[in-house]
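Input: structures, listed below.
The same subunit A turns up in both complexes below, where it pairs with subunit B and then with subunit C.
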Partner chain A sequence: MCSVGDDFDNQTEKLMQKATLTKLSDTCNKCRAEKPCIVLRGKDTYCKNCFLINTVHKFKASLGKSRLIHLNDRVLVWYQIGHPSVALLHFLRTGLDLSTPKKLRFHPIILFVYDQYQLNNKEGKELIENAKRIVSSFGFDCNFISFADYVSNPENVPNLLNSESLFAENDIEKLNLVIHKTSSRTNRNDIKSLLRKKLLIDVAKYWKCKFVFTPEISIDIASNLLSNISLGRGSHVSIDTGFCDDRDDEVRILKPLRQFDMKELALYNNFNRLESLSVRKSAVNPYSSVQDLMAKFVIELQKDFPATVTTIVKTGDKLSLDKNAEVKCKLCKGPVSVSDDLVTSQQSTNFSRFVSNELVDCNKSRQERFSTICNKFDQTNNENELLCYSCTRIYGNFML
Partner chain B sequence: MPSKCSAKCGRNAVLKRPKTGDSLCKECFFEAFENEVHFTVTKAKLFKPNTTVAIGASGGKDSTVLAYVLKLLNEKYDYKLKLFLLSIDEGITGYRDDSLDTVKQNRDDYDIPLKILSYKDLYGWTMDEIVAEIGRKNNCTFCGVFRRQALDRGANLLKVDYLATGHNADDIAETVLMNILRGDVARLSRCTSIITDSGDGIPRVKPLKYCYEKEIVMYAYFRKLVYFSTECVFAPNAYRGHARILLKDLEKIDPAVIMNIIHSGETMKVSEHSKMPTLTKCTRCGYVSSQEICKACVLLEGLNKGLPRLGIGKSSKVKRILEENEKLKGASCNGEDNKCLCSGNDLKPSKFNDLKI
Partner chain C sequence: MKITVEFSGGAELLFNNKKSHDVDLPDKDTNWTIANLLLWIKDNLLQERPELFLQDNSVRPGILVLVNDTDWELLGCLDYKIEPRDKIIFISTLHGG
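And then the complex of A and B:
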C-alpha cells in the first residue's frame, strides 16, 4: 500500500537532507587565518596544521571520554590492511612519545591476523614482510597469527602466535571444516566475524591485555549496523557497533576510529607521509551477501545524502542493551532478549514453518484443526534458549 | 517432476513460500495463511468480541486480502466482530475512481458495509485541486498527511472500536530500515508494534504484520480476489524509495531478512539517556502531534490562505507565518460567519467540526 504519509510529522525536513552545494570559506574553519587546503564533509575547510591537530584530538577525545583505559594497561591493537590501521599506529606512536600530560600511558601490542586467502605464496610473503616493515617503522613489534590455523585449533593460541607458517595450501579446507561448505555467503561472513572476535579476545587474554583496539571507521560501523539489523541482531547494536563491546568479562573491544571517515584518515596519512598496507582483492558481487549489499548501499546513499553515515552511527548510539536479558548466547555471548510482546516475529516464523509441514485432518472442523495444530506447536519447543535469535540461524552451519 | 506439498497431503505443490521456503499446494497454503493470521490475531489479542472494526480499504492487494481474511476468520472462528470497510477518496482522477470501484466490488462480494470519505468532505480540497496549487513535486506530502488523519477521523466518525490496516511484513521491515536511515529513534521504537494508538482511543491494528507481501499477492491470486494494482498517478516519489529498493534486494539474497529486520525492531531498546520527542495533541483539531499544531492543520492553513508551500519548508518558518496569520485574524479574511471578508465568499470548511456528513 502507499505508505507515503505514515512517516510524516513536523520534523521531516531535518531528516535525510540532500547534498547541497555551498560556497566554501576562504580561510580555515578553525584558525580563521590560514588558507585552507582540505575540505571535509563537503563544506568545512581546514588548513593543514589545524586539520592534523584536530584529527589527533578527535582520537584522544574518543579514548578520554570513555575513561576505560588506565595507567599501564596492555592493549591489543588489531593491525589490518588499509589506511585506518596505519593512522591508528601513528596516533599511538605520537601519543606515546609525548612528554606533556596528554601522553598516552598504556602499552600497545600489535597483532596482524593473516586471512588473505586470495593471494598466492609470493604475494602472501610480500604482505607479511610489508606489514612487519611498516609496524616496525613506528617502533612496535608486529605479531602474527593465521586465522585458518586458529579456527581449526582455537585452544592452541600460544603455539600459533608468530608461528613460521602463516599460510598453507589447505587454509580454505581448514575453514570449510568449521564453517559448513553449503552455508550462504551471508552466514559465512557472519560466522567469520564471530570467530575473528573470538580470536582477538583469546589472544588478548593470553597476553593479559584488558582491551582490544579494532580499526573500524564510520562507514564500516554504518554498514555493519544495517547488516546486523538485517540478520536479526538488532538487540545487540549497542555492543556490536558501539564504542565499547564489553560482553566478555575480561577483555573489552574498543573502536577508537569509529567517528572518522576514510577521507580524514587517508589525508592524515598523506600529510604525515605514511605508507599503508594494500593487497589485491578478488571482485565481489555486491548482491551475493547481506554484508556486501549493505556496504554498497551505504556508499551509494552517502553520495546523495552526506549525512547518511553519521545519522546511522548516531541512531546506533541511541540504542542500548536489554537490561532484562539474563541469559547469554553461547555463540556470540550477547544477551538473549526476552520479548514482552504477546507474539513475536520469531514465533510467527516458527508457526509458519510448523503449519507448512503439518498434515491436517480434513474430517475435523476448522476450529478443531486449528486447536490441534496449536497444541502440537506449543509442545514442540522451537526456541533454543541458549542461543540468540540470530545465532540460531547460523548454528547449523557451524561445526564446533 | 513437480515437487510434492510439504504438508504431506499428497497433492502437487503450486508455490514456494518465501517466508519458510516450504512448497505448498493451493489448499494447504490457504489453510496455512489463514491460520497464521488467526494465530497473530489471537496471540496478540488484537480484538475483543462484540466490537466493531473498520478496515482501511484502498482497493489494493493488502486491504482486499485483509478484508477477505478477517471476514472469513470472523465467521469460522466466531470473533463476533462487526466489520466495516472504510475508504478515503483523495480525489485523484484515474486512480481513485477505479480503485473505489474495486472497493465497492469488495463490499458486494464480501457483504461488508462500506463508508467512503473524501478529502473534499474532510478538508475541502481534492488531491487534483491540491496538485493544481502545489505542482507535482510535493503533493505526496499532502496526500500522505491527510490520508493518515482521514482514516482516524473516519474511524472516529463511524464510532468503531478498532481500525485495521493492511500493513504487511515488508512494509514494517521497510519502515524499520527507513527510520534508521533517517535517525528517527522515536518512530523506530514504535513502528513494529502491532497495536498503536493515535490519541483518540481507537487502536490501529495490523493483522497482516507477519505476512509477506509476496504471499499476500499469491493468496489474492489463487483465491481470485479482485484487487486494484496501479501505482498512484502522482507516483510516490523517492521518499521511501531507498529503503524499499534495499529491502527488495535483501529479499533476493535471503527472504528471511524481512522477519529478521522485524525481530531486530521488536527487540531493540532505546537508551534511557537519549531524548525522545513528547507527543501532545494539536490545539486545532485534537489529533496526536509532536508540535502545537499538527502537520495537516498547517498544510490546510497554507492551502486556504493561498500559501500552498507552507508546511513544506522549515517548521520555524511555519510557526512565524502562523503567528502572523493569527494576528491578522478577524482583521482580514477569516470572518466570524466563516465568510471571507475580502470577497464575501464562503470559506472552505477547514475543521472537522465544520463537516456535515
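And then the complex of A and C:
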C-alpha cells in the first residue's frame, strides 16, 4: 500500500503556515502607534504612512543592493498593463525628483509593446491613448513598438519604433507566419517570451541602454519558476527569475519589483491616486498550457497558504547557475550543460529518444550495432549541441 | 442610506467604464453589510459577466476591497456594517475584465 501521502499529511502544519483566522493587531506593526489600514500576507498590519514609506524603501533597496546602475546610465523600462508598471513609474519619478543623496541618477526610457490582439480597433486606439496619457502624467515620453511587426522583421527596429501603425488586422497572421500554428499553447507562450526578451534587448541596444527594467512581481516569479522547471529550463531558473538576467553581453535585464506582492502595489497606487492601464481580456482556459496552469496553481495555493509565493521565490534564490557551462544556447542564450565524461540527463533523454526511433540491423554483431548507433547519434547531436534542453523542444516551432 | 462605490484597476470595465457611483441603498430592517451590498451591486450596477466580479458569494479572488481607505480584512470583510457616507472601493488586480 502506498503511504507516501499519509506521512506528508501529518507534516504539512510544520511545512508551511496555513492562513489563520487569528485576530489582527490593532496597531501598525511598524510604528506600533497608528491605527492600521492595510494587511499584508494575511497577518502584517501597517498604517498608511508606514506602508507608503516601506514600499518606496523596498524599491530603493532592491536597486541599491545590486549597485549595478551607474551615474547617467540609460535604462529601458518595459511599461505594461496593470498595477506594477504604474507603481514602477511612480517610484522612478519620485526617485528622480529627490534632492537628497538618495536621488536616482539614471535616465529611464519608457517602452510600451503592443500585443493585445483580442482588442478591436477602437479599444486598441484607446489603450494606446491611455498608455500615452498615463506615462506623460509622470513627465516621461511613452515609446511604442508593435510585437507582431517586430517578430516579422526583427532587423527593422529603428523603423518600427514609434511607427504610426501599432496594430493591423493581420497581426495574428504575421505571428502565425513566425510561430507555427501547430505549436502547443505552452510552446507558443515559451516562444513569445523568448521573442519578447529579444525585442527588449534589441531596442535597448538601439537606444544604447545598458539595462532593461521589467515589471514582474513575486507571483510572476513564483509561477515562472515552476513553469521553467516543468519545461526543462531548471538550469536557467536563477537567470530567468533572479534580479538580474545577464546572459546578454551588453544588456542586463533587471526585475526591480520581484519582491513585491500585487496587493502592495495596487494599494500603493490607490493611496497615491495613480491610474493603471487595464484592458478587456479574453478568457483563458487555465488547463491549456503549462504556464497558465502554474499560475493557477500558485494563486490557489497562495489563498490558503499566504507564505507560498515567498517560499517559492526564496527557494529559487538559492539556486545558482552552473559556472562551468561555457556554451550558450543559440536560442535563449542560457548556459548549455556539457560534460566530458559524465552523461547529463538531457543527453540521456536525447539518446533514448534517438535509439527508440532507430531500426536495428540484425546482420551486424552487437558491438557493431552499438558503435554504429553511437556514431550516428554523435553526428545528429552535433546539430543540436548549441541548444539547451528546453529549446530543442521549441526549435523548429518558429522561424528566427 | 447614501454611500459611494468605486471601481478601479479594470473592475470599472464591468460597470460601463464608470469608476465612481453615488448610491442610495434602500432602507431595510437589519444593517447593511458588504455581503448585502455585493448582491445589490450584482442586481443594480453590474452590466455584464457577474462571474468576473463575484465568486462564492464574495468578490472574486484578485479584487481588493477598501472601506474609507482601510483594508476590509481589518473590518470583518463581508460582515462589515456599512455606515452612511462610507466610500467603498473595489480594486481589480486582474488588469481587466
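Quick note on the criterion: the second predicted complex is superposed on the first by the 343 of 400 C-alpha atoms of A that agree within 3 Å, B and C clash if a C-alpha of one lies under 4 Å from a C-alpha of the other, contacts with A are read in each partner's own complex, and residues count from 1 in each chain.
Assume contacts are C-beta pairs under 8 Å (C-beta built on N, C-alpha and C of every residue); 3 or more make two chains touch, one makes a residue touch a chain.
Note that the coordinates shown come from a computational prediction; the quantities given were computed from them, not determined experimentally.
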Which of subunit B and subunit C A:322 touches, first, second, both or neither: first
Partner with the higher number of touched subunit A residues, subunit C or subunit B: B
Touching partner for A:263 - first (subunit B), second (subunit C), both, neither: second
Which of subunit B and subunit C A:352 touches, first, second, both or neither: first
Touching partner for A:225 - first (subunit B), second (subunit C), both, neither: first
Which of subunit B and subunit C A:233 touches, first, second, both or neither: first
First (subunit B), second (subunit C), both or neither touched by A:194: neither
Subunit B versus subunit C as contact partner of A:244, first or second or both or neither: neither
First, second, both or neither for A:178, with subunit B first and subunit C second: neither
Subunit B versus subunit C as contact partner of A:161, first or second or both or neither: neither
Subunit A partner contacts - residues on subunit C that touch it in the complex: 8-10, 12-13, 61-62, 64, 66, 69-71, 73-74, 89, 91-97
Residue ranges of subunit B touching subunit A (in the complex, touch as defined): 6-9, 17, 19-20, 22, 24, 28, 31-32, 35-36, 38-40, 43-45, 58, 60, 62-63, 76-77, 140-141, 143-148, 165-167, 171, 174-185, 187-188, 194, 210, 232, 236, 239-240, 242, 246, 249-250, 252-254, 256-257, 259-272, 274, 277, 289-291, 294-295, 298, 313-315, 318
Interface residues, subunit A side, partner subunit B - complex: 1-11, 13, 15-16, 184, 186, 225-226, 228-235, 237-238, 287-290, 293, 297, 301, 308, 311-312, 314-315, 317-323, 337, 339, 341-349, 351-353, 355-360, 366-367, 369-370, 373-374, 389-390, 393
Residues on subunit A engaged by subunit C in the complex (per definition of touch): 24, 36-39, 42, 45, 48, 81-83, 262-263, 266-267, 269-271, 275-281, 299, 303
